[in-house]
Amino acid sequence: MVYLTRKEHFNAAHKLWCADWSAEKNFEVFGKCANPNWHGHNFDLYVTVAGKPDPQTGLVVDLKELSRLIREHVVEALDHKNLNLDVPFMAGKMPTTEILAMEIWRILEPLVLRPNCRLHKITLYETANNFVEYLGEPV
Amino acid sequence: MVYLTRKEHFNAAHKLWCADWSAEKNFEVFGKCANPNWHGHNFDLYVTVAGKPDPQTGLVVDLKELSRLIREHVVEALDHKNLNLDVPFMAGKMPTTEILAMEIWRILEPLVLRPNCRLHKITLYETANNFVEYLGEPV
Amino acid sequence: MVYLTRKEHFNAAHKLWCADWSAEKNFEVFGKCANPNWHGHNFDLYVTVAGKPDPQTGLVVDLKELSRLIREHVVEALDHKNLNLDVPFMAGKMPTTEILAMEIWRILEPLVLRPNCRLHKITLYETANNFVEYLGEPV
Amino acid sequence: MVYLTRKEHFNAAHKLWCADWSAEKNFEVFGKCANPNWHGHNFDLYVTVAGKPDPQTGLVVDLKELSRLIREHVVEALDHKNLNLDVPFMAGKMPTTEILAMEIWRILEPLVLRPNCRLHKITLYETANNFVEYLGEPV
Amino acid sequence: MVYLTRKEHFNAAHKLWCADWSAEKNFEVFGKCANPNWHGHNFDLYVTVAGKPDPQTGLVVDLKELSRLIREHVVEALDHKNLNLDVPFMAGKMPTTEILAMEIWRILEPLVLRPNCRLHKITLYETANNFVEYLGEPV
Amino acid sequence: MVYLTRKEHFNAAHKLWCADWSAEKNFEVFGKCANPNWHGHNFDLYVTVAGKPDPQTGLVVDLKELSRLIREHVVEALDHKNLNLDVPFMAGKMPTTEILAMEIWRILEPLVLRPNCRLHKITLYETANNFVEYLGEPV
């Protein structure tokens, strides 16, 4: 197996807020991330596929096509959006980096599946100081 | 003169929206940045002072003190905030990187003034692909 | 004045070779950069404009439009190309980072000129370890 | 096991072109990467070894020696070269990042083998936006 | 499982020197790193935990708490210190990146253990060109 | 004029300590940087020259030669050294980034002078969060 990674990015707003809790408890648990008027991030998204290079082209996957799939099915839905309000596949879910990475996996896994390659890992940076990796393992 | 730069950062939400205009015109001018439900960025802020090193310490300015001033007077007001709604010094102003950099200059210029040093430049990155510099020149 | 910078990038091949010289002299002057079969780089291009923010929009320039101009008039001509063979505006010129930055200035200067803003600087990275800046000063 | 990684880099030209195909098909499959006059990249190469630290020195491997091996056997052959024309170990192979990473593994695996350590991974960045990892798994 | 990483950093001095050896042998084995008067680095530390997101918060771990634990128990002891002389948990150990990463694992493993998450990996950059990863495997 | 920059780097130990002061005052002024047993940094050094490209080569300066000059006269003296104890040109001077940048200017200015080019700026990063620029202006 060879692992190939493509980077894309998007900018989005969100807040971490649990509707079942008081404002006090939300600030206690989520700190500044609970700011009612939102805050936001430049997210960096790395999509890694694992596969065998095609014997003729030497490519595991067509990078232009992989980039197009990520942009059409993920970035389009997230870029310059509010993760709590604007994104159908995040509706009713906490917009943490953890949950967002898992949902991106769920969307891309069937789309990148080929006879010679499959989705291997989603890596999502919220800031330069914290990021999440998801490899499709059950949680 | 020696130029000394300190980097700080903050994460914020905003939208570019002119209340005098139709939604149609706002989207035409500001594109995705006009998304009504906001979007956001990881902002990187570089504050540059110009001065003479103190003959005894070899320092133009106490970096701990410079960092404290930036965090107390600028980052505190912006981090995990909404630039349109939450920031007193941005009230009624367009929250573009240009205007934000100029307002940060206005706040920090008197605070960093010392007999041997003065504010030289504000550099503000909105993303890795675009940033603004302001040196206090009249606009 | 406020200075606004947009980053774009392109990948290109080139070699440094002076047709008036012997191969020996070319290798002596240009070292590995004279490899007859070419080598290449990921170039990072930063275009800086200087101007006054529009009183209504708070923008010095429309970043989408600036990006489009750079991509249409510069990146399109250079990306995945050979700087010695494929680029009309480099024909007969040495494809050094210095000359390339100056030619990019020459192309973009009239295109970005607006009543409230003008081209200020071209910054061109050939590698992470060396880059060139050109501000339109006569050489 | 402890994993130790050393970064080196090289700049090279290449094109993706399948001699059995028409020009039309080559451009369809490889896009801009099929430009007949080549293009190029700044490649970043990360070599990871896995091993046990020596009880006396606390080192898994002598980094100076690891760096020397990579530069002598890999970087020397690739830096400022044309991957299609100038590199003996790539002769007759498609110069994709995938194939290049696998060939670098093949060269370095026997060279870095020690009683306490072995090659673990080759990571090869073609651009900041796409990279390949190879861990020696059969393809 | 989801993997979550937090980055912290510290600046420290050290030298690599084996007291049982002659100066000559120390310089032969450790090269410039044996300079008797020390040298130093900006270390970047990435702490990765593996776990299940909490069903209510969507978080694997409270990042503020993870950051606090790393700073209080690791960074405090290392930042602006001499790894050979000032750090109790490094006493009598070779201050290589390998050994330091393993000791940081030993300290953090019990501290980050939660019903839903555990320490997964320590990644320690000594420079941009070399780093170590430790996953708790026996050596 | 065209501005050309070359990056080099070195790792060094230092402490900020004024021998005329009590330990108490040193810690008050210099904070953690006064740690008696030293600390250290990975310094990134950018040397910028300004000049006219040679009409035949298109180069302002031979980058290989510029790199050699910086490494031979500056990096050699600083890399893996103690700035307070090991560096002749820093003897008796405070090893702050400010003073170090000015001394590097003093060394390189005569060495890079050519009929068509001169030293323009020294930029010295002590960490990713603070750096100094010196352009030869009197202090």
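Chains here go by letter, A, B, C, D, E and F, matching the order in which they are written, and residues are numbered from 1 within each.
Note that in this section a residue touches a chain if its C-beta (ideal position, glycine included) is under 8 Å from a C-beta of that chain, and two chains touch if they have at least 3 such contacts.
Only a predicted model underlies this, so the values are computations on that prediction, with no experimental measurement involved.
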Touching both chain A and chain B (chains): none
Far-end chain from chain C, centres as C-alpha averages: E
Numbering shared by both copies at the chain F-chain B contact, with half separating same from different: different
Gap in Å, rounded to a whole number, between the CA centres of chain D and chain A: 28
Sites on chain F at which at least two other chains make contact: 128
Category of the chain touch graph - line, ring, star, complete, other: other
Complete list of chain pairs which touch one another: A-B, A-D, A-E, B-C, B-F, C-D, C-F, D-E, E-F
Chain C residues touching chain D - in the complex, by the definition given at the top: 9, 11-14, 32-33, 35, 37-42, 79-82, 85-86, 127-128
Chain A-touching residues of chain E, taken from the complex the two chains share: 1-8, 48, 52-53, 56-60, 62-64
Of chain C, residues touching chain F in the complex: 16, 18, 20, 29-31, 93-99, 101-102, 128-135, 137, 139
